[in-house]
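Everything on this sheet refers to the single structure shown next.
Should a chain be cited, it is by its letter among A, B, C, D, E and F, assigned in written order, with residues numbered from 1 in that chain.
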Amino acid sequence: MTDSTVVLTAHPGDFVWRAGGAIALAASRGQRVVIGCMSFGERGESASLWRKGYTLQQVKDHRRAEAEQAAKALGAEIRFFDADDYPLVETPQLLQGLIDLYREVQPGVVLTHAAADPYNGDHAFAHAIALKARVLAQAPGVEGPGEVIGAPPVFSFEPHQPEQCGFVPNVLLDITPVWEVKRAAMQILAAQKHLHTYYTELGSRRGLQASRNSGPNLGLPNDTYAEAYMRLYPQVTRELS
Amino acid sequence: MTDSTVVLTAHPGDFVWRAGGAIALAASRGQRVVIGCMSFGERGESASLWRKGYTLQQVKDHRRAEAEQAAKALGAEIRFFDADDYPLVETPQLLQGLIDLYREVQPGVVLTHAAADPYNGDHAFAHAIALKARVLAQAPGVEGPGEVIGAPPVFSFEPHQPEQCGFVPNVLLDITPVWEVKRAAMQILAAQKHLHTYYTELGSRRGLQASRNSGPNLGLPNDTYAEAYMRLYPQVTRELS
Amino acid sequence: MTDSTVVLTAHPGDFVWRAGGAIALAASRGQRVVIGCMSFGERGESASLWRKGYTLQQVKDHRRAEAEQAAKALGAEIRFFDADDYPLVETPQLLQGLIDLYREVQPGVVLTHAAADPYNGDHAFAHAIALKARVLAQAPGVEGPGEVIGAPPVFSFEPHQPEQCGFVPNVLLDITPVWEVKRAAMQILAAQKHLHTYYTELGSRRGLQASRNSGPNLGLPNDTYAEAYMRLYPQVTRELS
Amino acid sequence: MTDSTVVLTAHPGDFVWRAGGAIALAASRGQRVVIGCMSFGERGESASLWRKGYTLQQVKDHRRAEAEQAAKALGAEIRFFDADDYPLVETPQLLQGLIDLYREVQPGVVLTHAAADPYNGDHAFAHAIALKARVLAQAPGVEGPGEVIGAPPVFSFEPHQPEQCGFVPNVLLDITPVWEVKRAAMQILAAQKHLHTYYTELGSRRGLQASRNSGPNLGLPNDTYAEAYMRLYPQVTRELS
Amino acid sequence: MTDSTVVLTAHPGDFVWRAGGAIALAASRGQRVVIGCMSFGERGESASLWRKGYTLQQVKDHRRAEAEQAAKALGAEIRFFDADDYPLVETPQLLQGLIDLYREVQPGVVLTHAAADPYNGDHAFAHAIALKARVLAQAPGVEGPGEVIGAPPVFSFEPHQPEQCGFVPNVLLDITPVWEVKRAAMQILAAQKHLHTYYTELGSRRGLQASRNSGPNLGLPNDTYAEAYMRLYPQVTRELS
Amino acid sequence: MTDSTVVLTAHPGDFVWRAGGAIALAASRGQRVVIGCMSFGERGESASLWRKGYTLQQVKDHRRAEAEQAAKALGAEIRFFDADDYPLVETPQLLQGLIDLYREVQPGVVLTHAAADPYNGDHAFAHAIALKARVLAQAPGVEGPGEVIGAPPVFSFEPHQPEQCGFVPNVLLDITPVWEVKRAAMQILAAQKHLHTYYTELGSRRGLQASRNSGPNLGLPNDTYAEAYMRLYPQVTRELS
């Protein structure tokens, strides 16, 4: 079975805000989705917890619990690599862990960060290592458990300031059927309440854009919710549409 | 019904060599395909006929007959705008003719040239006016018969020297099921025999590339034939794949 | 006096939605702002009026009245060139009219559309002719009333789908002090109610982005309203900040 | 107080030739400027000293003394990280040292190299780590003395072969008032005499360009001296100009 | 014989300042060089003559005489198309004139402006029509005297503000042997004295860059004079060097 | 003597398929060519050997023997750095080895991979370290045997999916005189038979493109064989052609 999805992120929140719709949509079709969080976002994206006086371990535990709950709400499995953040750096363990995850899950689709993010270097790093591990997992000569993988398409999800990150969306995914699921998952991330409004608005705006770009065959209404993605390899298809 | 395709080209040969697979594929599904040739390629792409001493009208007649036969072989309708080539320039008649064609056919998909071609300015012009007419055909305030159109996706087909034209394929279309149809249509274009070999090889090479980029779900074999396209607007979809 | 602003747009609505804050801000400082509308947007952006059965002249009159009211609300003068839209094309009258406007107003700042817009060719055209006329207005050898102009900086305002238009904002303008003025001007454009929400949200989102990119010296709060611009020529300054 | 400037360079000479005007200008306004030199340029930019038979330590001492004198002439403080050059590589010490410097100085403006330099990899590296450390210094979860910093704007100064480095200046800084100060600092760098002429000419050429791009409000004369910069994040402003 | 050069410019001064070295160099080898000036630069680049009160015809006569003298000094022929400037626009006469010139001269090399110039639209137009005419001149079906041409390489010469014009030099031409010839030609253009210094400095700076980029086989000294060009089509060669 | 060539590749096959013509051409002129293979391609490009059950050492031995034979057929020397592949990573030994090779051979020309390859990260890495070592080898302060090198031009050879790698060929090298030599070298690489056809077709296609882009002076026939390259630094020349 190859219709599973692997989602690789630098920090736990990323998969909810930026790819929660795609995850819930795949899960709603009965497909397996496995999220790999490279770090807990403990240093770079937990300012409110640090300000409360949490210890490093407490921050990690808190972020892990939240992420597990959100993944469950979306219908996905989740793994943690605990590879430190700010900065997230390459280690042999992280690289091998990602190769192993690819081979175990045999994904038909891969989601990760965009190639650049001048506001958060961890995102760019996560993109690079996610792609590196995908190529290594394809080679019989590279060690690791399980079979080599094929060439699953890779999609970058939307960064916070897309224009500054060279993010030009070329895929708009209609997530209307699972919008309530994504909303519920977002509400689990209690520490970042202002982001609920932000990403609700973004879902609505990308939905309007999807509607304007949907040809007559698809014909999406104006009140569509969507997520924007950037496809990294050519689409291979049996029909232009 | 909106699953028809409009193909807009500068010259008659273009639709066979560069989009013959997509045309035959749509036709094989019972869909309507209408090709609009802006010129007969009488000055810029008929060197062998000029060298034989043909008059301008004879060149046009010859190219028209050939194009009609090739369109028929692919299963498509064809219209001619006779707007002169080398250079092909904008006239109110050509622009209105294209708007009218869009409104008549109500395409679900549009195919045309790439945005730039430093080896043939007619191609870049055809791209520009095809897109311009598409936007105008969407507006109720613009005169013309029939209903306004929606926002059909547009795909550029592959130019002869892709790297010099800024052509980076982001869609590879598997045309294996109709390869023999495309081959037959190519053979009708008797004046350009060396192109048969060239485009057979290109179909094979793009097919190999499609195979290498096809995820495990699609799983194309190495002996696939494909055509390369460049999608101009974001893809709107209900599933990442 | 050279602290006046010229705003050149293809259609009447553009200056309100996209540059209303900049206009109101300049006006609030007592500076002169002159808006030049190349067309009335009568064909391409008046679908609701056409559907009501208005004649061409009625559409134009309606759009003119609305635009005059909105300009007044923002504190600006407005001129109309009535050069037709969809498509807006170059005529000697339009070009000379723009040259004359530059020379009359002697702007210190110029605002216009972005260079590309695959959803609306009039916008790209308006950009091109606005820049062309600016260069011509600088030359003593080009005829026209008044003195030649200097080299005022030019800013593109934000298109509707910025990523598809190559729009990468490099200036974020804090319009918080005049937000209520912009809101009032938007409410005058009764035909496009859904855009009120859209541009209120955009103002808020660009404001948040401004806050995140404002250095410690400026220190904008999160509830800032802002408009995004793209500066076309190098900024010349006496201080880095 | 947040109106201080941090200048981060790979080698000692860089800050004089490429940013000496900006440094002297800020200092002339009574602002604090702190230069951080990641290396002494001992291997890559001290060919004349090596040819004289200096030892490594002698080369470093010589370059340090020169740099201290030049910084003083410009009115700036200077720190050395002694992290080796050719190649300059990331170490935990260098990264933490830069974070600490940011937090100590709390800069309102940051200057560093351009993102690419195919003639000197140290420059590209210095750019990357300067930006990385700036983001890390913003996070409460990242250890280090002092308060986290805000989001100061970053400017790249001009590389030696700008077109080959993707350097497209978008800010031209008028340094005429401090030109003599920059000239004096350049004369301290005795080993590279031919560069005096080169950078005097560059200052004059960028000044002419500034004059040609200065709007009527600024109105710079032809004999302006300027330095070119590339702003990396959107400018946030309260007035378009 | 096909070793002749065609130089196509918008205005008379362009060929001296920007390509005078290449012209003199080809002429010094006994090759034919034919310059085609599309306009006399009468409106856009003759401000000093207009300020003296010259009539349009006087301006044209003056610019023509100067250009003829400069062409002679460089060893080249010159033709004038008198197609008006500011703006220079396409006419059937200009296009056919350029086609005819290509066919008459049968160039082995073509020089013209860069593709973009936000400071002077005539330059971008001249580039576009020079390339358009070159392609048309290759087609047997396009009318005109003489034989069709081959595919001569095209080089853009350097605009005044290269970074703003997307000009990234990929060819540096050593013009040291004819530097005195170029200098003499520049001195003929009496109206633009400040440009003598500017282009002398540019020649020296590009020469230094050539020296730094010349491999060991060529080994140019530091005091080289050079002109920068941008090759528009792939170089075809029998040896990498 | 400086007319030697250094070819730096990630894996052994690369130099045959992608640069075999250039190597044979230089060798046929009596020039020295030294190939440096950073790894044996043992993990990433030896799938068929792994499937046969070879040990790691057997794979390496097999690939080395094949590469030595192919290099000999082309007329070149070959060195192996055995730095591991998939992933190929920077080590001090590899970097110093490359510096030493540059200094020993004193190349007049350098060939290596393109800057990016989303299908094989080793290729991008090999490009980066090849350029890094070249700059370091130029500096007297960097240790190593022999004299510092000059600034030899660098050419990237063609990757497998050029458009996805940002590879835009700007040099087409006529390799017709040595085509049979390249063919013989390709046949030595027995494990990758399908690539013989692929690269024969590519040689023919690039040859046709060379013919179409060759000016009248060179005048290549249609049945030319060529290799495509991307020049990384400006060409320095004494004649435009």
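The rule we apply is simple: contacts are C-beta pairs under 8 Å (C-beta built on N, C-alpha and C of every residue); 3 or more make two chains touch, one makes a residue touch a chain.
Please read these numbers as outputs of a predicted model, since none were measured by experiment.
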| item | value |
| --- | --- |
| Relative to chain F, chain with the most remote C-alpha centre | C |
| Of all other chains, the one whose Cα centre sits farthest from chain D | B |
| Same-site or different-site touching of chain A by its copy chain B, using the half cut | same |
| Whole-Å separation of chain centres (CA-atom averages), chain B against chain D | 53 |
| Chain B and chain C, separation of their C-alpha mean positions in angstrom | 37 |
| Sequence positions of chain A contacting 2 or more other chains | 119, 164, 169, 209, 212, 233-234 |
| Which chain pairs touch, all of them | A-B, A-C, A-D, A-F, B-C, B-E, B-F, C-D, C-E, D-E, D-F, E-F |
| Residue ranges of chain F in contact with chain E within the complex | 2-3, 5, 22, 25-26, 29, 106, 108-109, 111, 149-153, 155, 169-174, 209-210, 212-220, 226, 228-229, 231, 233-241 |
| Residue numbers on chain F that touch chain D, as the complex places them | 95, 131-132, 135-136, 139-142, 232-234 |
| Footprint of chain C on chain A - complex, ascending | 119, 161-164, 167-169, 194, 198, 201, 205, 208-209, 212, 222 |
| List of chain C residues in touch with chain B within their complex | 42-44, 46-47, 50-51, 59, 86-87, 118-121, 164 |
